[in-house]
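Below you'll find the structure I mean.
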Amino acid sequence: MNLLEVRNVSKHFGGIIAVDNFSMKVKENQLIGIIGPNGAGKTTIFNLISGISKTTSGKIFFKGKEITFLKPSQISKLGIARTFQNLRLFRGLDVISNVEIAYTYRMRYNFFQALFWPPIVLSENKKFRNLAKESLNLVKVPTNYYYEKPTNLPYGLQKRVDLARALSLLPQVLLLDEPAAGLNPYEVIELIDIIRLIQKEYQKQNLSIILVEHRMEMIMELCEEIYVLDFGETIAKGSPEYIQSNENVLSAYLGEEY
Amino acid sequence: MSFYQGLIILVVINVIAVIGNFLLTGMTGLLSFGQASFMALGAYISGMLAVKFNIPFLLAILLAIIASVFVGFIIALPVVKLRRDYFALTTFAFGEFLKAVLNLSVTITGGATGLAGIPFKVNIWIVLISLIIVILLVRNFRNSKFGKECLAIRDDEVAARSCGIDSSSKKMTVFLFSIAITSFAGCLYGFYTCYIDPSMFGWTKSSELVIMVFFGGLNSLTGVIIGTTFLTLSLEILRFAGAWRMFVYVLIMIILIDFRPQGVFGNWELDWRTFEKFLHIPSSIIKKGK
Amino acid sequence: MCRESCLCPFILRRGVKAGLLLRNVKKELEVFLQQLLNGLSCGGVYALMAVGFGLIYNVLKFSNFSHGGVMLIGCYTAYFAFKIFHSSLFLTLLFGAISGGLCAVIFEKLAITPLRKRNAPKIYFFVNSINGGLLSEYLIVATVGVFFYTFPDFLGTTNINIGQISFSKLNLTMLIISLITLFGLMWYLYKTKYGRAIRAVACDINTTSLMGVDVNRVISLTFFVSGLLGGLCGVFLGINYTIYPQLGKLIVKGWMASVIGGLGSLLGPVLGGILLGVLETFLTAYIGSSFTPILEFIILLMFLLIRPQGIAGVIVEEKA
């Protein structure tokens, strides 16, 4: 059984076809890439999977159950987490609270207990604060930044906080939306290591990662299978070697020499 | 009871009502223009239960709060997932609707002539203890996961929803909690003045409650308490100045929001952080307890 | 032969009953048409209100609550203009409209421009617009007092009769003026360069300024136009009901009309206004004016549940 299956999904915005008949099968412990020029529909696919946009047609299945019409909050609780192209960190909360937020739905107290019984709030807060620290540690965010507001951090570290936040949902499918955008080449190499580390740490949970990226070194290095999109259509699908030599891909996106 | 005690009681009841509004707007960014009508619900229901069925004071208040929360749930259900403007205007329309209902139901509520004969049960100690309880509850709420989730929703609703937070149900929770607080203030009001009529809870009162939140500061509970106390006292004391006092009051509000939209007190809060600066307690000890 | 004589009175009786029934139906129909025309006139006023409100909403993306205050000021100044100058209906309306426009621009300079300069979140615009509405109310109470005033019967109490239907000349005039104003607004927005500037700012305020348009002046212009509509509407409301300081609260009807019709275009508020006016007139005629606000609110809630974007509106999706 596939972990995540996208079946013939299309998305129309009025007359514009953003995604045209896209299908994808993801098994456990896979690392899949989606590439294509800007406007090809890559982030739209993520929006469709995570429930932020509604599909015009097609279905999406997660662990065999249909999730096409579920709300984003439900989908993230089921085990699909994502990062954002433009970060979307919570500015009013400090870094560690940003990561803790992903754990809040696991905290075991209800509204009335929160009001009338602070001790349980304190103990749950402590437990999940430690878990948040572990996530931040995994993505190598230095401890002195934990209580800062996210806007005070360098851009590369902010991206890692976004990643830690997504990981704190304890997902089985992780959608990474251009995690290397805005990073210098050294930071990109670090990021490749971190993604490998995440794969190893979460191997027991059968974590699969779907990566949307423009940086070819990351995609070719990390991914087992690559989907190539152009104007919403899937123009090629296969291993990195196959993609690199595919004529359609070369003329649409990669350029003649690669 | 002296004049000053009466004044303090009215001020504290107002503060409790404004705290309800503060919780809603500060936590979710939703504006409610019907808070006075929830005060009316609390006052009328608890008053009628006491007058017509001789139900004891505390039980009447509890029943009134439950009923108000239920009504609030029904009117918020369609709008809590829509744009914020819709919420504000629906609560405003609800205020008008409730006024029409109250004026019509002459046999039950006394209509425009009001409900009289509510037993006098409220003294200064009851209001002060109520205030302290409400402050503690709100503080606990803001420090818990609900508080953090609401701040996240305010900052970026899309990202919050992708982190497992169901924003509509959180907004509803905060709204219902704020109704409970405001209708409680209304109950206290009824049992203090012993006479209520629909004109006391109109649109002007609702707007007053909203403006006071913005005066104190959207993010500061202490600021809202101090600000509301100051404003209510000034308005009472300046009553002799006639109709122009309200004009000047609103004009000052406009200018305040123009040039200091975060309110007089901004983000300042009277909590551990202020004590730490005041007594020079090292911040590491405070943070360890976090 | 016996059968024929038995049938005749039978048919006669049936015939008489049918005739009576037809006459009842005709009467019902006449009453219905009467109420429909009244409703359209009321709807025209609500449409004006909703369009003025919706104009600001489309351009600055917030609900301008001070529109109620603009209606109030327009109404009172028109009344006093009438008292001083004994102006005709049209001049009074003009006076009301222009004072409404000026009032809107003053409000914009006082409460909106400083916030725009600071790029404040929309919630502050909304709150300041509430303050603006309150300010107008308190200004009236402080200067004029809490007394009610009434406009006189401008066109006399003559009615126009079509068959048995009696349609007051005043209602008809108000309907015609509303329609003319709405058409005039459409022409202004779609055929003049000023209208085009307003529409451009409504689409994207930053890009429009980069295209060389003085956005501040366009916004002041939008407020002025919205104020014209509001002032005109205020005078109509004053004629229909009475002139009292809480007149501004009637803006909630304009908002309801926008919700029913759908924000985001100009057709929506017009449609919603007309529907609301007709609905309200029928409700008042058949169940009385005290129950009408109650039913209206319930209908509004159901509308928000079923079709929140309104009849002519569009749901805008979020993107991440």
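Chains: A, B and C, in written order; residue numbering restarts at 1 for each.
By definition in this document, contacts are C-beta pairs under 8 Å (C-beta built on N, C-alpha and C of every residue); 3 or more make two chains touch, one makes a residue touch a chain.
Keep in mind that what you see is a predicted model, and the values were worked out from it rather than measured.
Q: Using CA atom means as chain centres, which chain is nearest the centre of all the protein shown?
A: Answer for the innermost chain: B.
Q: In terms of CA centroid distance, which chain is the most far removed from chain C?
A: The most distant chain relative to chain C turns out to be A.
Q: Compute the distance, rounded to whole Å, between the mean C-alpha positions of chain A and chain B.
A: 40
Q: Counting only Cα atoms for the centres, state how far chain A is from chain C in Å.
A: Taking the mean C-alpha position of each chain, the two centres sit 49 Å apart.
Q: Taking the mean of the C-alpha atoms as each chain's centre, how many Å separate chain B from chain C?
A: Distance between chain centres, rounded to whole Å: 32 Å.
Q: Touching at least two other chains at once: which residues of chain A meet that condition?
A: Expected reply: 50, 52, 84, 88.
Q: Check each residue of chain B and list the ones that touch at least two other chains.
A: In chain B, 158, 162 touch at least two other chains.
Q: Specify, in ascending order, the residues of chain C that touch 2 or more different other chains.
A: Within chain C, residues 318, 320 contact more than one other chain.
Q: What part of chain B is in contact with chain A in the complex they form?
A: Contacts found on chain B: 137, 140-141, 143-146, 148-149, 151-152, 154-156, 158-167, 173, 177, 287, 290.
Q: Going by the contact rule set out above, which residues of chain B touch chain C in the complex?
A: For this pair, the touching residues of chain B are 25, 29, 31, 33, 75, 77-79, 82, 84-86, 88-90, 92-94, 96-97, 100-101, 103-104, 158, 162, 203-204, 207, 210-211, 214, 242-244, 246-247, 250-251, 253-254, 257-259, 261.
Q: Where on chain C is chain B touching in the complex?
A: Where chain C meets chain B, its residues are 62-63, 110-111, 114-115, 118, 120, 122-124, 126-128, 130-132, 134-135, 138-139, 141-142, 246, 249, 252, 255-256, 259, 290-291, 293-294, 296-297, 300-302, 304-305, 308, 318, 320.
Q: Provide the residue numbers of chain A that touch chain B in the complex, in ascending order.
A: Residues 50, 52, 71-74, 76-77, 81-82, 84, 88-93, 97, 100-102, 104-105, 107, 109, 111, 114-116, 118, 121, 124-125, 129, 147, 165, 169 of chain A touch chain B in their complex.
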